[in-house]
Amino acid sequence: MPDRTYRIRLIVPANTSGFNERMRAAVTPALAPDFKLDVKNITGGTPYIESRYALATNAPYVIELARQTEKEGFDGIFVSDFDFCGVEPSRETVSIPVVGGFRPSALTAILLGQRFSIISIVDATVDLQREHAYSFGILENLASIRPIGLPVDELDDLDRAIPKAYELARRCILEDGADVILLGCTGFIGVAAPVAKLLAEDGLPAPVLDPNITAIVTLQGLVRAGQRQSPLTYACPPNLQGSGKA
Amino acid sequence: MPDRTYRIRLIVPANTSGFNERMRAAVTPALAPDFKLDVKNITGGTPYIESRYALATNAPYVIELARQTEKEGFDGIFVSDFDFCGVEPSRETVSIPVVGGFRPSALTAILLGQRFSIISIVDATVDLQREHAYSFGILENLASIRPIGLPVDELDDLDRAIPKAYELARRCILEDGADVILLGCTGFIGVAAPVAKLLAEDGLPAPVLDPNITAIVTLQGLVRAGQRQSPLTYACPPNLQGSGKA
Amino acid sequence: MPDRTYRIRLIVPANTSGFNERMRAAVTPALAPDFKLDVKNITGGTPYIESRYALATNAPYVIELARQTEKEGFDGIFVSDFDFCGVEPSRETVSIPVVGGFRPSALTAILLGQRFSIISIVDATVDLQREHAYSFGILENLASIRPIGLPVDELDDLDRAIPKAYELARRCILEDGADVILLGCTGFIGVAAPVAKLLAEDGLPAPVLDPNITAIVTLQGLVRAGQRQSPLTYACPPNLQGSGKA
Amino acid sequence: MPDRTYRIRLIVPANTSGFNERMRAAVTPALAPDFKLDVKNITGGTPYIESRYALATNAPYVIELARQTEKEGFDGIFVSDFDFCGVEPSRETVSIPVVGGFRPSALTAILLGQRFSIISIVDATVDLQREHAYSFGILENLASIRPIGLPVDELDDLDRAIPKAYELARRCILEDGADVILLGCTGFIGVAAPVAKLLAEDGLPAPVLDPNITAIVTLQGLVRAGQRQSPLTYACPPNLQGSGKA
Amino acid sequence: MPDRTYRIRLIVPANTSGFNERMRAAVTPALAPDFKLDVKNITGGTPYIESRYALATNAPYVIELARQTEKEGFDGIFVSDFDFCGVEPSRETVSIPVVGGFRPSALTAILLGQRFSIISIVDATVDLQREHAYSFGILENLASIRPIGLPVDELDDLDRAIPKAYELARRCILEDGADVILLGCTGFIGVAAPVAKLLAEDGLPAPVLDPNITAIVTLQGLVRAGQRQSPLTYACPPNLQGSGKA
Amino acid sequence: MPDRTYRIRLIVPANTSGFNERMRAAVTPALAPDFKLDVKNITGGTPYIESRYALATNAPYVIELARQTEKEGFDGIFVSDFDFCGVEPSRETVSIPVVGGFRPSALTAILLGQRFSIISIVDATVDLQREHAYSFGILENLASIRPIGLPVDELDDLDRAIPKAYELARRCILEDGADVILLGCTGFIGVAAPVAKLLAEDGLPAPVLDPNITAIVTLQGLVRAGQRQSPLTYACPPNLQGSGKA
């Protein structure tokens, strides 16, 4: 029996509780026995994130919930958004580790192979997500980004999402030279394993990373190792100093 | 006499009107005869921007004002913030050109010399601004970022700001190999010219770019050439389509 | 009425006056009311530039004319060549700002979107122009270069140039991921606007940059802001010191 | 109580059992309740790794032990060497995840901050380790590598190792711009936490990553997520096909 | 008649003498009159190198033979393997210049044109060889790697190898933008010249580099110039110091 | 006795014969027995090259002499200028291999170690030479450029040049992390070997590359291997086609 129990919160950065249970179900199998998960959505902003506009609109609500989460004594936060809505500013305002979807997924991909591709949702998110690879200095590892052409609220139609994702993954591997596939939206629930299976049967056994699962195991690793974002990169904002952040 | 007159707005992304007149005065000499300038601050958020937290907090107000600005018939927008608070999402939501401080300054620097340094305000903004160079694929042109150690609201103390900026600029040139100096805050008003003069007298005649002036001439050039941000990079968010953006 | 008038010269780096009037007509609409334009070609070298050989042959004449231009009291120089014939050495020998076609266009492209493509003239200029992107540290922003297969002296056949450029631009966007299109020769006069229109009608509304117009507005911005190339990057050659360059 | 228990092996790539117990003790606190750890050293090659020569000499023994480890039914392998002795070829020959020290540490560093520095052991390992950053396309995230000047077999003298590592870490932060510190040898046991504490007391609260702990939590995350190295990057060698690798 | 004669050894890093005479014949025409060549294979390890596993398995034998070669008084060593089996560690242990196939070929390619492609042998070597370009900081010069789909022991079937290599080279030039072609295996003997001829007849006159010939002339140049690998990059391993390396 | 003799020409790109004999003497020891060397200076332009202005002024004369050299039946050309005056356009106009000083030296440096530094002549050439590293995609291998502060015509004062170069080389190694030193001017004659000796005695045994010797052995290697610059990168200019270039 574990000596202690860690508590982490999954923040759904969407103004709806409609994703909460599916996300909880998705990541629960990846919880260590000594971790407890809480899931909570924001209560302002937009219900989907498919643009910089939605990212900017919802970010303040994520920051607020992140700060409240630390006050509630949680040990870490996963903002369940591939594009890490509000993660960068939240990292300035709390002392517990905060991760989004992109970095854990992309860095795990580099750990597992030479170049990765992202299966994005729509045309509009391709440049947005390519900028992530620029921003974190890992562009040389990005093979391609291909949009699946389904908006977020249709990703749960697995009969369409799985075959489409599989077909794109094949092209990423065969035409773009990818070795690892990233699902570029945390709304891709239940897609990674079937796509990986189809690829393997096809002689293209690439790892397919589900950003929810990848982020949740990464966050647990940080918590267990006692690590968090560097305060040298993410300094506490002047006007929040003394307000509780260690 | 010009055939027509262009109207551009300088948005001050701070919840205060305290900077408006100094900024208007700073950029007015750089206006072409056929351009008229309006200056307007946001009316929510924080009064200063020195963190990702403040950037995220103020961005929604900038977006809202940008959208209103387009509706008022303006031809272009300069968000007077080196760190371009709200510029990226605003670019998705309006059809007129929108620029912040960083890109016009950094790209003008590359036009003028091989490598540039940024004189930033405080330690906390160094990583934040280095990320800009990563994000836009121009890291090879960045020589260094050195913080002046003055918060935004003390930058108007020119007796301190000018000699400090000059000393840092010398070190950027002599120790870091910079050829062009960028002032990394739009609060640096009245600093560029005196620093450039001191450097020239010192045998180090680097261009010193004031982000307000550099951005305002860049914006006018875009307007005159009939150009704006690419809708392929900045797609109109789905929920705003049909709401007026061309 | 403007307080003062600026005078800039467009240097045609070709041993022919045959382009002068078309270039004057092309850029005149982009002049601010307080700028006067002079156009002058070199009187030695080759009539076209499609090779490093022609660039090297014509450069000394450009330098000579640039120096003479400064002596005549002009405020800035645009050498109307995408490949900036003679610009780099001229920048060492005069104190007024000198720009060619590539840098203003490429840097404006980065200001407007994530990645740009160049529509070049012939196969032989592709590597030559890709080297520009290497040289200025902006290779990560270059999506592709595609040659139109027309020599310079056939670019004024707009019935061929426009549809060919449009077709290439489509491929740059759809196959290479470009967000902004650069016309890679200053001989592309009257092509940018029709191509942009065709693209927009096609649902691919990328900015299409005419290097003459982009450079001329950029040059005016530099002049108005009182900026020029950095003497730290472009030192006055020893044997010319004392010969008038400030 | 966990449904199942995972078994991972830490391979000490040194021809000595002298490190085994210290390494086991170092990583045991970072084990999840459902993971069991086995530690085993190789029985050929050299007792220390401080050169490419030692890496090459010991690699075949690591490969052999990795293959045997998979046959024994383990779920994952950590080769406890910052320079990942034998990891790349082992990844070709087994189907379970294999990690060394560098990639988990460097990628975790990028997750936590903008740029990292490595505290290496001796001058001779600096270039060797800088090449790792080149190899995996993450050079833009490397601030510096500074050697501590202690050979591997003196790293357990904590009275010397801790103050020296702290002094170097300070210089990496203040002079080289690092935000995260990596200990560049798995022989740095018991050093990370005291150095982090000294830095925090000094106002420089950078994460300090112990490669053993970072790798062991990363490996557990991979195992739990059901991921392993990509067979597209690490194909099974022809002469081993059919010999058991899935 | 030359004043002195230099002696160099070609090490075949395969446990077979079956390649020796073909390799000797291949490089002999590229020997200067004052150079004598010795060819010797290793006597342990695997007979072919198509994986990291084989590279690791054979490296210790290469190191041993390299050390013996220096003791025999040779002036330089070429390890005839495009993937430079054992070269990096050997460079630490001897004072005479040691080269493999990749670096002389890739660097000669950069000397001759802007971007190069590699014709590799099988799918499994593509990522392996792309990593070489990362490792030596020359990724921007790599256009593509395309596998010919022939294992090493079938490369001497010239009736298949030449037309296949020619077809791939065409695609590297036309689809990937390559200017120089590298044959990515030292088993490609007698292939470069015929492929270059076919390309030239096809209007695509790219240099085609045979790694054996390129490496052997590069090695002779180093020997003649009195140069060798930098001991600052390749320090003598501690346990070998005093054992003869200068 | 060699079957045939190759003839190569060293072009001195300066309007003076004053360097010819020293350069001939410098490179003669590096000639293979079957190579004959001719040395010839241009007869127009400037006597020294320390600026882009001088490079542009002298380039047409280099091109002309290169074309004449091919007509005289030579097998290769070395333009003895670190900054390769006229080399790029000459490569378009002749079919024999042409090299300058920078690329053979820089690429040999990458062959020998991880990062190189350049000892340049004056401040004004630092940016000029750093641009070379950008242009050829090898910036990641450049550690630093440090100017010796001696104009070209004082480099033959070895009593000053050697100790100054040695002192700079030390700093390049110790402060900038260089492993190989390049002398950044072909006027550095008789400097490399003494500097290398001083460094070795100092425990810093870096290779020191004399660009004349490095280029001449590289050129011989190309000639012997039957290679030349790629016509795909360096197409024959349209107006010269049919004028003799193969």
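Chains: A, B, C, D, E and F, in written order; residue numbering restarts at 1 for each.
Methods note: contacts are C-beta pairs under 8 Å (C-beta built on N, C-alpha and C of every residue); 3 or more make two chains touch, one makes a residue touch a chain.
Keep in mind the model is a prediction, meaning the values are calculated, not measured.
*Asks:* Between chain pairs A-C and B-C, which one is joined by a greater number of C-beta pairs in contact?
*Replies:* B-C
*Asks:* Among the chains, which one keeps its Cα centre farthest from the Cα centre of subunit C?
*Replies:* Most distant chain from subunit C: D.
*Asks:* Between subunit B and subunit F, what is the gap in Å from one C-alpha centre to the other?
*Replies:* Each chain reduced to its C-alpha mean, subunit B and subunit F end up 43 Å apart.
*Asks:* Just curious, how far off is subunit D from subunit C if you go by their C-alpha centres, in Å?
*Replies:* Subunit C and subunit D have C-alpha centres separated by 51 Å.
*Asks:* If you average the Cα atoms of subunit A and of subunit D to get two centres, how far apart are those centres in Å?
*Replies:* 25
*Asks:* Provide the list of subunit B residues touching at least two other chains, using ranges where the numbers run on.
*Replies:* 113-114, 127, 131, 134, 136-137, 139-140, 179, 232-234, in rising order.
*Asks:* If every chain is a node and every touching pair an edge, decide which shape results: line, ring, star, complete or other.
*Replies:* other
*Asks:* Let me make sure I understand the interfaces: which chain pairs count as touching?
*Replies:* A-B, A-C, A-D, A-E, B-C, B-D, B-F, C-E, C-F, D-E, D-F, E-F
*Asks:* Residue numbers of subunit E touching subunit C in their complex, please.
*Replies:* Against subunit C, subunit E makes touches at 113-114, 140, 177, 179.
*Asks:* Can you name the residues of subunit B that touch subunit C in the complex?
*Replies:* Against subunit C, the touching part of subunit B is residues 1-2, 30, 32-34, 99, 103-104, 107-108, 110-114, 136-141, 173, 178-180, 193, 204-207, 209, 213-214, 217-218, 220-222, 224-234.
*Asks:* Within their complex, state which residues of subunit A touch subunit C.
*Replies:* Contact set of subunit A toward subunit C: 126-127, 130-131, 134, 139.
*Asks:* Applying the document's contact rule, which stretches of subunit E touch subunit D when the two form their complex?
*Replies:* 46, 50-57, 59-60, 63, 86, 88-89, 91-93, 123-124, 127, 131, 134-137, 139, 151, 232-235, 237-240
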